[in-house]
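Here come two complexes built around chain A, the first alongside chain B, the second alongside chain C.
Right, the complex of A and B next:
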């Protein structure tokens, strides 16, 4: 195995690995500071922050010969015997000078900059910078201009790493951003009339190592040091991108991509990035209600449409009672639910009615998948867990049952009660479809927002959004990722899992882990879920082959 | 000095010298015909290697050696680029060659393409040279009409197309890989090396980039022979194993405070004093010289005492300059303030820095700000140390930039401050009697835009 020597420490790398000095040093726990280099973009070696000393150890004599000048770590591949020195005086002086140079034209307006607290320029200045300013003091200015509907550019904060430019050219393939002018006057800009408006545009904000590119959705909303982050999975489509949900006091402020080489590499799409606003939408269904004819007429004299609030403890018994009395049950298992929730829901349904018709809930579809030149794909299927739910259904003998099958069951009168789990952020059912459910003796609807279907329901239950639940989703490529709850749902809302858990008569707090282990034991496809999953998840099919 | 009859500038002053007929009457294209008939590309490479021809663009790298870096038996296309983006301040010899004798460099280009097996050559012409454009395009058209370009040249089976490309009007476009990027239609940001252009150049194909004067020299070597070429110039220094010698005639661009500025041809190794006195008619107005730029502004400065240094590839380096560069000599007379000179130099490089690498982008701009402030009477002695530190740390040699043009920006700073430090200190103390000793940062002056 090739051996690389990082600051005197020998580390082995894979024989086929093509690493640069930054990556090799990282293996040894040594951070080489860098701005322009990004593993997902081409190498330009222009910021010169990663300059290091390198050398080569002769395999036979063991003698080390050093390269006399500094070289960029990003541009220099390592091979067997490569020597990397990251902490010599020469390297430190070089870093200090680059930091000093970058700060000459930087407004240093950290107190009003969104990036402060997670800014590489700040961090590196404290680690590697000069203790005092030697350059002339520049008057403060930080021009701001829009470069697109979601991104604002603070021109003077830019350090010209060109990550954003390379992203739009290499990954998004749209090339809206460019460098204009020359020398210290150069700026990032868009071509006139061509704003930064591609579906991956938000990633340039994550890529920006300083506060030059700001996300207008997040701008001035929260200081980053108040934010807590939870490793989550995006529920926007069946790609299941790994994300961080960044939140404070049960409020989500932004989503960030989480590096996952097997799923989304370093990126997420804007649809996912801004797809958390529904969590805090005021129109959400927050209270449980039951329409009860005996409750008397409402103000308009309409007895059927009146929702009576119910305590959650009474829901557990009330649902079982109402559904049990209604006759044959049809259950839509939403692809927004986790594997654990789907499993418990099926178990609950079968315990109420052993003949219950179980089916995959409505699968929102927005058309064809869209793949970008950099390989990133936005899926047309706008739900995160169709594969997982289908696997669960197969175990319960409901393989192939889908939403249309359930509609037929209901329309043909083969079912007299239905339990529809939904939880879609977008409107998903129209009046004519909902009308088919009118003849049922009991209809339970569990959803985020008011729909034509919810208007007909006997029971209306609130659903929870992606950051409010815990569990496992299986994406379109059979890649399973487990995640924890990032924020608590709004007051008075039980996550679906908690309701099902209680309806199954389980004791204590809802524990997705114990359900997951149980699922893993009984479903061969889910065998890999028995262990704690790595943060990047597992490919279920790989485990099948093994 | 021994009399020398111009060879490269033979056509200057000849009426209609730029035409094909005139060039043929001087013996032009006969060597090409002979060479296409009798020689193999490898023979031509060996010929140029044996001549000791070093690139005339500035770096002085062996031309023949450069050609051998091309991959052997490359299946795809190989490109030849002629760097005619002559934009080093003080330099205008390529312009003479292109305007007065375009066929000479075209013959050199065809021979070089034959040697490197390139079937497409690009001439990247400086944007501001419209006359060169017209003359070159006319000459290329003549060549096509005469069967010297196009398919199956002179029945030899060798084909070549030459495209004249008008440059993007920036100093950085003259940098080898910046030129390549610009030729591809991109912003002229120099590429990181490796891979070098000989492996991956224009359109990611093996590419040779040579200067116009180098091409002219190739034509003359083909016409007059290796021995003629080696009889001119300075042989290798036996004490310096890294010196391959400086052979052949060289075009010196003499300007500044001399009586007769102009482009003169002389053997490599002429001293700067000989050049000024013999060709330039001495310093103008009977004044004394104070300093001179030896080879374009980026090479640094000679003091008057260093005027006896030979202008060959090794000479300027011996007195602390970067090199011979483009052999553009600019003479400063005794009335010139070195502060003004350096300010002007810094302004040029701050304006022309491509802005890719942090040390050059910010260093050139910072040095200009300091010089602006010094000239405004707010200089500090500390600024001289800062200027020197910038000069010493900026460039490809210390490893802090991608291309060598940052070294060129650093050299005038280093040379001016080191060689004329007394004058700088006097100036600062005289103009800023209150604050010359201050070491804290001071408010920056607002610079009037360089555009």
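Right, the complex of A and C next:
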């Protein structure tokens, strides 16, 4: 195995691994500061922050010969016997000079810069910079211009690392951003009439090591040090990208991609990035209600089927009573539910009616998958857990049952009660489809927003969004990821899991972990879920092969 | 630590001298203190008819104000540093893009819950643009809790009210006005 010596510490790397000095040093626990290098982009070695001393140890004599000049760590591959020195006086002096040069024409408007607190320029200045500013330049006001519908550019804060330019060229493949002018007058810009408007545009904001690129959706909303982050999974499509939900006081402020080499690498799409606004939508269904024709007219004189508020404790008993009395039950298990929730829902449905027809709920589809030159794919299937729900259904003997099958059951009168779990952020059902449910004696609808179907329902229950639930989702490539709840649902809303848990008669608080272990025991496909999952998740098929 | 620890030095109380044992000299000493206060100037004032004197307004920590710049705009740049420094979490700011070309952002709303505030002065300390200051207004009353949540307009009006008596501290302390 090749051995690399980092600051006197010998570390082994894989024989066929191709690492640069930054990556090799990271293995040894040494962080080499860098701006322009990013593992997902090409190497330009232009920022000069990662300059280090390197050398080579002779395999036979053991003598070390050093390279006289400093070399950029990002551009220098390591091999057996490579010596890396990251903390010598020469290196420290170089870093201090680079920091000083970058700060000469930087506005230093940290108090009003949204990046402050997570800015590499700030961090590296405190770690590697010098305490005094020798140049006679005062803080000034940065120029700002729009480069796209979602991204603002603060021109003078830029340190010209060109990560954003390389991203649009190499990953998004659209190449909107460019460097205009040269030398000290270099600026990031777009060509007139061609704004930064691709579907991955938001990633340039994450890539920017300083505050030059700002996300207009988040701009001025919150200082980053107030935000708490929870490792979550995006529910926008069946790719199931790993994300961080950044929130404060039960309000989500932004989503950030979470590095996951098996799923989304370093990126997420804009649809997912801004796909949290529905969580705080005023129009969400928050009240639990049961329609009762005998209750008499409401305040607006609406006589038929007025919605009466119900306590959650009464929902647990009332649902079982109503559905049990209604006859054959059909249940749509939404692909927005987690594996745990889907499993509990199926168990609840079968305990009410052993002959219940279980089916996969409506699967929203927005067309074909879209793959970008960098390999990132946005899936056309706009739900996170179809694969997981299908596996659960197969255990309950409902393999292959889908939404159309359920519609046919209802239309043919084979089912006289239906329990539809939905939770889709977009409108998903039209009037004619909803009309088919009119003849039922009991209809339960669990959804985020008011739909034609919810208007017909006997029971209307609120659903929860992706950041408000905990559990496991299985993406389109059979990759399972567990996540925890980031924010609490709005006051008075029970997450689906809690309702199903209580309907199963389980004691205490809803614990997705215990349900997951139970699912892992009973479903061979989910055997890998028995252990605590790593943050990046597991591929369920790998366990099947073993 | 045990009482027998060698690091402990045990001291004995000094035995009383003759003057102490006589008791009378100390009695006279005490009476003299009383007499001195009888004739010295009074510090008690009849509040609220009479206002107590504030020693040094520059370091007094009374009701907050939001300063205005030369053009009469709120000086605050909505950086949230006061809210960050506040140990009582009584400052609530909503930032937005400023309507002026020379400023990046400004507070759309700025609220201080004066009931929650502990008047520690950390906000003033943290402010990078000397926008928030504590005045020497010391009597703060209100009829409801809502009334004691000072919004931006009210905090600016405190500035208008006190700017003549108490010029901006930054200037008084040698900083930019």
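Keep this in mind: the second predicted complex is superposed on the first by the 538 of 546 C-alpha atoms of A that agree within 3 Å, B and C clash if a C-alpha of one lies under 4 Å from a C-alpha of the other, contacts with A are read in each partner's own complex, and residues count from 1 in each chain.
In this section, a residue touches a chain if its C-beta (ideal position, glycine included) is under 8 Å from a C-beta of that chain, and two chains touch if they have at least 3 such contacts.
No experiment lies behind these values; they were computed from the predicted model shown.
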Inset, instruction - Considering only the touch criterion stated at the top, classify A:46 as touching first (chain B), second (chain C), both, or neither. - result: first
Inset, instruction - Classify the contacts of A:141 with the two partner chains as first (chain B alone), second (chain C alone), both, or neither. - result: second
Legend entry - Which superposed partner A:507 touches (first chain B, second chain C, both, neither): neither
Inset, instruction - Would you check which partner chain A:159 touches, where first means chain B only, second means chain C only, and both and neither mean what they say? - result: first
Inset, instruction - Based on the superposed arrangement, let me know which partner A:225 touches: chain B (first), chain C (second), both, or neither? - result: second
Legend entry - Broader residue contact with chain A after superposition on the shared chain, chain B or chain C: B
Inset, instruction - Would you check which partner chain A:133 touches, where first means chain B only, second means chain C only, and both and neither mean what they say? - result: first
Legend entry - Partner chain in contact with A:109 - chain B first, chain C second, else both or neither: second
Legend entry - Residues of chain B that touch chain A when the two form their complex: 170, 172, 187, 189, 192, 350-359, 361-366, 369-370, 373, 386, 393, 397-402, 441-446, 449-450
Legend entry - Partner chain A, residues of chain C touching it in the complex: 77-81, 84, 95-97, 102-105, 128-129
Inset, instruction - Note which residues of chain A are touching chain B in the complex, please. - result: 43-49, 51, 69-72, 75, 94, 97-98, 101-102, 104-105, 133-139, 159-160, 178-179, 181-186
Legend entry - Touching residues (chain side chain A, partner chain C) in the complex: 109, 111-112, 141-142, 144, 219-221, 223, 225-226
